[in-house]
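Scrolling down, you'll hit the structures one after another.
Two complexes, one shared chain (chain A), two partners (chain B, chain C).
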Partner chain A sequence: MTQKRHLPPAPAVAGRVLDAGLDLLDRQILDPDAVPVSTVDDLELTTPDDLEHLDPDSPPIIESLLTGPILLTRIFGGRLPDSRFIRIPWKVVADPGTVVRVGVAADSLDASWTERWMRDHVIARIPGGRHDPE
Partner chain B sequence: MKGIFAVALGVLTAIGGFVDIGDLVTNSVVGSRFGMTLTWVVLVGVVGICLFAQMSGRVAAVSGRATFEIIRERLGARMALANLSASFLINLLTLTAEIGGIALALQLASSIEPVLWFPVAAIAVWIVIWRVKFSIMENVTGLLGLALVVFAVALFFLHPDWSALGSQVLLQPSPHTDETPATYWYYAIALFGAAMTPYEVFFFSSGAIEEKWKKKDLAQSRLNVLVGFPLGGLLSLAIAACATVVLLPKGIQVESLFETALPVAQALGKIGLIIVILGFVAATFGAALEVTLSSGYTLGQFFGWPWGKFRRPASASRFHAVMILSLVVALGILFTGVDPVQVTEFSVVFSAIALPLTYLPILIVANDPKYMGDEVNGRATNFFGLIYLGLILVASIAAIPLMIVTGAGA
Partner chain C sequence: MILSDLLGSPVVTAEGERLGVVVDARFALDGPPDGLLAAARLHGLVVSPHAHESFAGYERRDVDAPALIARFLRWRARGSVLVLWPDLASFSDDVIRLRPGATLYSPRFDSSES
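So, the complex of A and B:
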């Protein structure tokens, strides 16, 4: 360490800065009634035209939160066919805090289809399944 | 008046809910083989569970996030998945042990083979989880578990040589035993694992959300933990002391809950035996409920499913499906003819191995102002938290080598 290297100052940003890896990935996704939808298992970004030389004026933006089987390919590697992607479009995200809040009901999203399937085919059919505990 | 009642109820359920099959078996095995020489481990374990249960409850109440959500957010998906696999397997093992424990306790009461009690116990656990409200479930099993106080009463009626018991606590190792140092340390880890089992933290933090704790409930929860758990620890020590007084001199090996109950029967006769069996059933049943719920909590929180008993089953369908499956698997394991007592001994040691991955993220998030605001850990809590993390790490690393060297404590 002979000389302190001066880094160029960070560009000014409008609004809040989120670290996608730290503040988005693996967070819980809740709907307006605080019903869990899923977790942020991965993110889908727009692909810039020229991957070699990124244009600082039009950086990649987040298109959607991904969930479901994508988690396994994120951990173990490999690629999912596009048909297996479960997307939550970024435009329904209301507030990315310690949890990611979306503005639409959990039941209206594809992300919770397994919950509905298990409810309709198994749990709701067992006596008492639709009642509050006493 | 209502306030005092609530405080007393909380403390009493914490005492009654502290002891589970792991504590019952391990303490009486240790008492019958090592006397009171491992008392210090119970004390260290109780302080540890107080510290981390309290911390996880505080994190849940302030941030609204339960332990496994935090584990995933802080360790990342990969490490959290490894942790989930380990915790879930240990949970299954513990569940098997608890259901087996219910059956063994009912066998004492009825002399009907445990094999016939396994399905009865599992179905009873499921019905309670399916239909009974969280607070009622907690309070009833906790209060009935207080019947285990009979061990402390029995100890007085056995008229032990108190100074000899006391000197065993301080003198290391006990003059009575010819156990090797390796088995001594193996059982030290087993006792530590029994006191600090991870499911207790999953259950405690998720329970805080089930009961909708807010910041103002923290004082109450702190009191429950800081008074209830140490008194529960005293119950564990009373079990060990009873075994030390009655089983150790005669060289009786603990092979089932019968030997655990023997000192009480000797001291107090039939009445004592009835009370102790009631205590066994309540303690193992209560723990079986907590462990079953924990298996749903861990998976639900990792994958972001709706979970919790405050929702009706149809609104937390995958959560309930996981719990039903866990019970079925535990039953399957029991029907292979394994000895529930041995399953218990393994489950507490494996618990010790998985501890660091559970407790580290709690400590990290308890210091994160984004989650905790101004309720972050104080310096003293962090100091002790770090010391315990060191202890937990050592225990976790030493567990498997000791298990191999001692032939699982044989």
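So, the complex of A and C:
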């Protein structure tokens, strides 16, 4: 199966085509004001009803972009428990380009809670930390 | 199911011949509206017989610079194919099995070359 051969081109599809590894994974996520939200660490897909007999008419759909502490599983393998992932629903994705733009404010997403916590509990208590530099 | 469950999974034909491992997943945004974009359905899987991952997608796009790196990465990804979702029969025990008579397509985005 590995010898050189001429393969037919893939059939054209009506919409945009994305290869997850090239166009989504590890991309930065920005909100409409260009505030960084997180990066795309994985994708959550709908699970087929019967994995033993896949339905050709019901392909998996992207439900959410996932972000989370995946560094160790990337180095050592394994799979992060579902509960450790933070989900950004596909419904809010506006433009998967060089960066992935979402259509809602970063503050409204769970993925930016560490930023908000640092801002409210640490940065805000530093003298001058509540206003822009003058 | 998450994408990482699919990436790295071995793919075998209906006859049991090993085709390679999944190095990427291709999605088509041609479904019904799902929020701000169309729903992204799994169009197919990019399978490589040699590499366990694809780096920068040189084998799928017309980028050929830097020349030495492009040549090395294309060589590493030689024999890669795209199998479409309707040709996948099962995904069990972390192995993806194809249907009999499954068609293998070029993984290139540019359809003028394969």
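Heads up, the rule we're going with is that the second predicted complex is superposed on the first by the 113 of 134 C-alpha atoms of A that agree within 3 Å, B and C clash if a C-alpha of one lies under 4 Å from a C-alpha of the other, contacts with A are read in each partner's own complex, and residues count from 1 in each chain.
In this text, a contact is a pair of C-beta atoms (placed from the backbone, for glycine too) under 8 Å apart; a residue touches a chain by one contact, two chains touch by 3 or more.
None of these values were measured; they are calculated from a predicted model.
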Dominant contact partner of chain A by residue count, chain C or chain B: C
Which of chain B and chain C A:Q28 touches, first, second, both or neither: first
Which of chain B and chain C A:T47 touches, first, second, both or neither: second
Touching partner for A:P60 - first (chain B), second (chain C), both, neither: second
Which superposed partner A:A14 touches (first chain B, second chain C, both, neither): second
Touched partner set for A:D110, first chain B, second chain C, both or neither: neither
Partner chain in contact with A:R130 - chain B first, chain C second, else both or neither: first
Partner chain(s) touched by A:R119 [first = chain B, second = chain C, both, neither]: first
Chain B and chain C footprints on chain A, overlapping residues: 25
Residue ranges of chain A touching chain C (in the complex, touch as defined): 1-4, 6-22, 25, 42-48, 51-54, 56-57, 59-62, 66, 79, 85, 89-94, 96, 103
Contacting residues of chain C [partner chain A, same complex]: 1-5, 7, 13, 17-20, 23-31, 34-44, 46, 49-50, 53-54, 56-57, 60, 78-79, 81-82, 84-92, 103-109, 111-112, 114
Residues of chain A touching chain B in the complex: 25-29, 35-39, 41, 67, 71, 74-75, 98-99, 106, 114-116, 118-119, 122-124, 126, 128-134
Footprint of chain A on chain B - complex, ascending: 63, 65, 69, 72-73, 76-78, 80-81, 130-134, 300, 302-307, 309, 312-315, 317-318, 320-321, 370-371
